[in-house]
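Both complexes below contain subunit A, partnered by subunit B and then by subunit C.
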Partner chain A sequence: MTMKPWVWAWAAAALAFSATLLLTSGRGAGELAYAALSFGAFAAIVGLGQMLVITLGPGNVDLSIPACMTLAGTLALKTMGTEPGTAFVGVAVALATGLAVGCANFVLIWLLRLPPIIATLAASLVYQSVAIWSNRGLRIKPPEGLANFATGRFIGVPNVAWIALGLAVVVWLLLERSVWGRWLLASGQNARAARLAGIPVQAVRAATYLSVSVFAALAGYLLASFSGGAALNMGTEYLLMSIAVVVIGGSSIAGGNSNVPGVLGAALFMFLVVSMLNSYGAGAGIKSVLTGTIIIAIVIAASTRRSRQ
Partner chain B sequence: MQARYRILLPVISLVVLLGMTFWMQPRAMSYFGLNLLFNLAVPIALATIAQMMVIMVNDIDLSLGAFVSLVACVTATWLNDTPLFGALILLGLIASYALMGAVIHMLELPAIVVTLGMSFVWGGLALFLLPTPGGASPEWIRSLMTLKPPMVPLAVLAAVIVAALTHMLVIRSKIGTVLRGLGGNARSIARAGWNVTALKATAYGLSGLFGVLSGMALVGLTTSADANIALRYTLLSIAGVILGGGEFTGGKVSPVGAVIGALTLTLAASFLSFLRLSPDWQIGAQGAILILVLTARLLFSRKGAAT
Partner chain C sequence: MTVLESNPVVALRDAAKHFGPVKALNGVSLSVAPGECLGLVGHNGAGKSTLVNLINGTFAPSSGEVAFPLGQQGVRSVFQELSLCPNLTVAENLSISHPDLRGFGWRRPARAEIQASLDTVFPDHGIDTDAEVDRLTIAERQMVEIAIGFAPRGGTPRLVILDEPTSSLDEGIARQLLSHVRAFCAAGGAVIFISHMLGEIFAVASRIVVLKDGKVVADRPAAAFSRQGLVDAMGHVAAEGTQAAAAQTQIGEVVIRAEGLEARRGEVVGLSGLAGHGQAAALARLYLSQTSDWRAGRGARAVFVAGDRPRDGVLPLWSILRNMSISVLGRDANGGMVDKDAERRLAEDWRKRIGIRTDDLTNPILSLSGGNQQKVLFARALASDADIIVMDDPMRGVDVGTKQDVYAIIRAEAAKGRTFLWYSTETEEVCQCDRVFVFRNNEISAELTGAQITEEKILEASFEMMEAS
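Presenting the complex of A and B:
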């Protein structure tokens, strides 16, 4: 019986957490856990979406996640305009934005037969422009109730972390227990075989590209509410992050194999590693070099483990 | 038939875009105007060639922008102050690219993730070297990049030279043919007795070489560097390769097309500023142009398949 791949991501996260606490000799554990769970939640939500797309097989990756987050956050906050009691209108706007972005992406991929990398890349430039145009450099505050919700906690755990956890459970159930999940995995393993077996591969792809954008839109909405307004560059770091958490979490980059608990662990780990390096007083340059080295080391460790099996 | 179509479309899109630019702004149709239009194309074209070397062997390089930024920082500091040491560092960077290719192959790692991780490493090193924008371009690079050859502006001349040299290297030479074969069918290349690890290292090493040239050319134009100077090159170079008729798999690449793709992307930016488009929509219009050209490619490939 070999260890499940997701154990490693969680172990690494625990290691980074204790290494940080070792330095502060246990002080600030609560604050660190709160920050890690909150920021980890955003990374987990976009990571889950990216995981679904990567599961579709080689060449499938969504590069429009940052633009979609920014656009959804901007439009939602603009619609709400700091009016109290508009949180649900905001969610609806954000999710509708996500659906529209997902549709546009898939139309480019399906009708124009563009490679997904290039289609989502080109389209993201357009979304970015729409966000710039609608935002006009203003920073609109979220309604107070929504801001309180986004930064608040329930039984000690941040609300955004509960949302990420809920989504993860839904995605896990869909992947492991539903026909759609089986179809998705089958399409990722061998699209031709899946089509010959009667699986509606195009419909599966459409649903996947829609969900990744909806997830990104939700993350953008929550992040904008959490950080007191949408900023035009707020999604930037989530492009590399979304791919990194999928791979560190033990999903196969070649597709056809996904790992929900691993994404959660990896999302926590990515934040904890940065805060560990911060608390050890590393400069921005060294921090970046070490983050990169750690990502590569984990990928190498994961690959040698696979080949030994 | 297919191969001929592959180069036709990039040429047509460049000519159409150039025609529209001249129509909008007739004064651009001069030595000085052309130089201004394509000024920044040289480093982008070199970066596109670097990306093409990696795409040629079925991988993708997400670290190229960070790498070119790092090279720019090294060029503006060490290569300027202590040329010998700087040159050694740049050679070391090329070697580390080759090593990256070898490791990716030997351990069967996904290139997209390794290069993703390396982008943090390059970016961190660049930030470490040059925390604030600064440095200075070595005099000889500066004078090389501001040369004024007779008749043809330097940017155009350099693009033609780069295209011709890489065409010889990738399409005509023995090693180029084997490398493209590696992208087409790695197993048959291995069966034919080639050392695939060495070949991958060669492809990545060539990519590193052109990345270094790109960073040096960029500093020659901008005269100083900062750690984020070329981050957008990662996506620009991928788009350039695809615009130039290359494909992500199968070793189907065209160096001449890639250079033309880079020129088209540079020109698109200049064209949009002539349109007096609101700055809000500049990026979006660039994306729209990209989609339009790629859509045209679809029509071509359908026609190509029919005949």
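Presenting the complex of A and C:
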């Protein structure tokens, strides 16, 4: 039982994939894989950001991810206004929005000393309101080139999945190889000891809260382009999703330990569970109950296995 | 000595404990009789803590047996790593290990019992039984833990194991403990007393057992040992390449003046006084004011060596290697990326210089004994380029041989121009410093230099006000 924790997330994803195909007797495997990779990519991007924050240690979590996605998507699409050739302007606007949101979150946490849960939840009401105020419920379409890119593929794999994979590699490199990653992992294990060892703990926290918002903003921008426009509720499901993929992926909820491959596997798994239940014809209520049960079961299985080591 | 053979409290027969390939304890036979105080000595990693864990049932022996002819009730341990719940009060901590305190109205008897036990062991302790443990100083926490060990807790303590009980206590409090142990044994109780302070062992033990590399190498009445004989029996674990005693240090200009303290280049400055009179807090403030929350200076001026390892020092999920290198990563980095070769070379170098007992630096830090973890923290600080090294009672739980090595390293580094600020609860250590500040009630009550630094002067400055008031 010396397998790495991320193996479980990937095994569960494979299991859910086969269970779905079993029902359709193998038909539609390509479509299912495409959908899982696309939707999994959005969950993976926000999950990577959330993982960094959770790694900071107990009490650190960003609950403003959905609002940040919505705000970034809305502002970006409004700026582009369906004009062709504005995709890069849109990215810039989305990322700038992410930076601004991250700064605001961290200022609340740092200067007002609010617990991150309260600070990010309260601030997300403001972000959501700004999103509503800025486009007054209009659904602006993305430029056609951008929409094609967001739904397109490269070597058979959706472009958004490539982006998620690229980000995952960058995050993995940062955590495993960079000095900054070591500082983050040390701060998450024992912030006081880290500070006394000469680590600039506040700078690490600031950078982490900025990263999660930038990741969420990027996911919002891609999701809005993918689904043909920003909607005010487009981020809602990513609140629980971002935390679930971190936990299922094998990162420690107590901080100091993170797991990039696990987040990717868990993101795929989360989407596959939903589509498996769909293809078995489960109603919305049953679907929620079963999804919740499966998440709890996996977390329990993973934690009992770890405590036995 | 006839009781000894007849009915021991605990008897180990050829007990061994292996962790994978590591033989922490390698066939130990030992018995402790009522009325006996067994002094247990040995170097860091000799197997003392493992032996304790076999007796109190934390581990089952890999082979051999651990027997309790009089039953297992009343066997208590007081750990070196403090094991109280920090968010509970003193009385609540007692009730955790008290089987009879159940149902309504348990608080009053709990308070009364811990109060009585504290009063017995440490007269005039001044600890509030309703205080939460994390508000207590480390010395007070240790006193509470000892008092819980000796409390009746619905039975009678028959064997109390004290693992480094005095490591964060000052002399006066330690003396109270030693006289309580003597009284406890005279009344028929048994004690296993583990300490690196040989003076204490001789003061309290009726019999001394020496452990080395997981085996008993000597087991004789205390009177049959001389101090030197005991040190020889333990065998010195020499660090490879220890520097020769340094030449007389050249003391230069003042490099830091803060918190009422003043230190010069190349100087070893001691902070003394009774435990918990503001020395640790002053050092922490001084360190934090010299470093930044926001920038990891390439040339950070100060580094910190923690004494309270779990709270201030150890990063528990990591390997020995990563724990050692964390403070110098920024310096040795290549464009923000960790230079793994440099990291490993540095760690190997310090493993040899300071004698950390491990085969593999990628083992978890928590696989090391307490004293060896402390060596890792020393290496972390000394490997940096900082000019000022702040040490918060860093010799807790470190064995005699290692202490000598570390003293030599400190002297050698001071000779190179580094400045040490050193808080210690052991007067003997403070007496080696060039300048000593004595604390009393969170203020500096005396500054001693050169020939003024004597145990009498330090004690005088520590107590003056208390007697007056």
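Everything that follows uses one rule, which is that the second predicted complex is superposed on the first by the 308 of 309 C-alpha atoms of A that agree within 3 Å, B and C clash if a C-alpha of one lies under 4 Å from a C-alpha of the other, contacts with A are read in each partner's own complex, and residues count from 1 in each chain.
In this section, contacts are C-beta pairs under 8 Å (C-beta built on N, C-alpha and C of every residue); 3 or more make two chains touch, one makes a residue touch a chain.
Since we're looking at a predicted model, the values are computed, not measured.
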item: Partner contacting more residues of subunit A (subunit B vs subunit C); value: B
item: First, second, both or neither for A:Val7, with subunit B first and subunit C second; value: neither
item: Which superposed partner A:Ala193 touches (first subunit B, second subunit C, both, neither); value: second
item: First (subunit B), second (subunit C), both or neither touched by A:Gly256; value: second
item: Subunit B versus subunit C as contact partner of A:Val201, first or second or both or neither; value: second
item: Subunit B versus subunit C as contact partner of A:Leu15, first or second or both or neither; value: neither
item: Which superposed partner A:Arg182 touches (first subunit B, second subunit C, both, neither); value: second
item: Partner chain(s) touched by A:Cys103 [first = subunit B, second = subunit C, both, neither]; value: neither
item: Residue ranges of subunit B in contact with subunit A within the complex; value: 60, 62, 107-110, 112-114, 116-129, 131, 235, 238-239, 242, 248-249, 278, 280-288, 290-291, 294-295, 298
item: Complex contacts: residues of subunit C adjacent to subunit A; value: 284, 287-288, 291-296, 300, 303-304, 306, 311-318, 322, 326-327, 329-330, 333, 336-338, 380, 384
item: In the complex, subunit A residues that touch subunit B; value: 58-59, 61, 63, 108, 112-115, 117-119, 121-130, 132-133, 240, 243-244, 247, 253-254, 283-293, 295-296, 299-300, 303-304, 307
item: Contacting residues of subunit A [partner subunit C, same complex]; value: 177-180, 182-183, 185-186, 189-190, 192-203, 252, 256-257
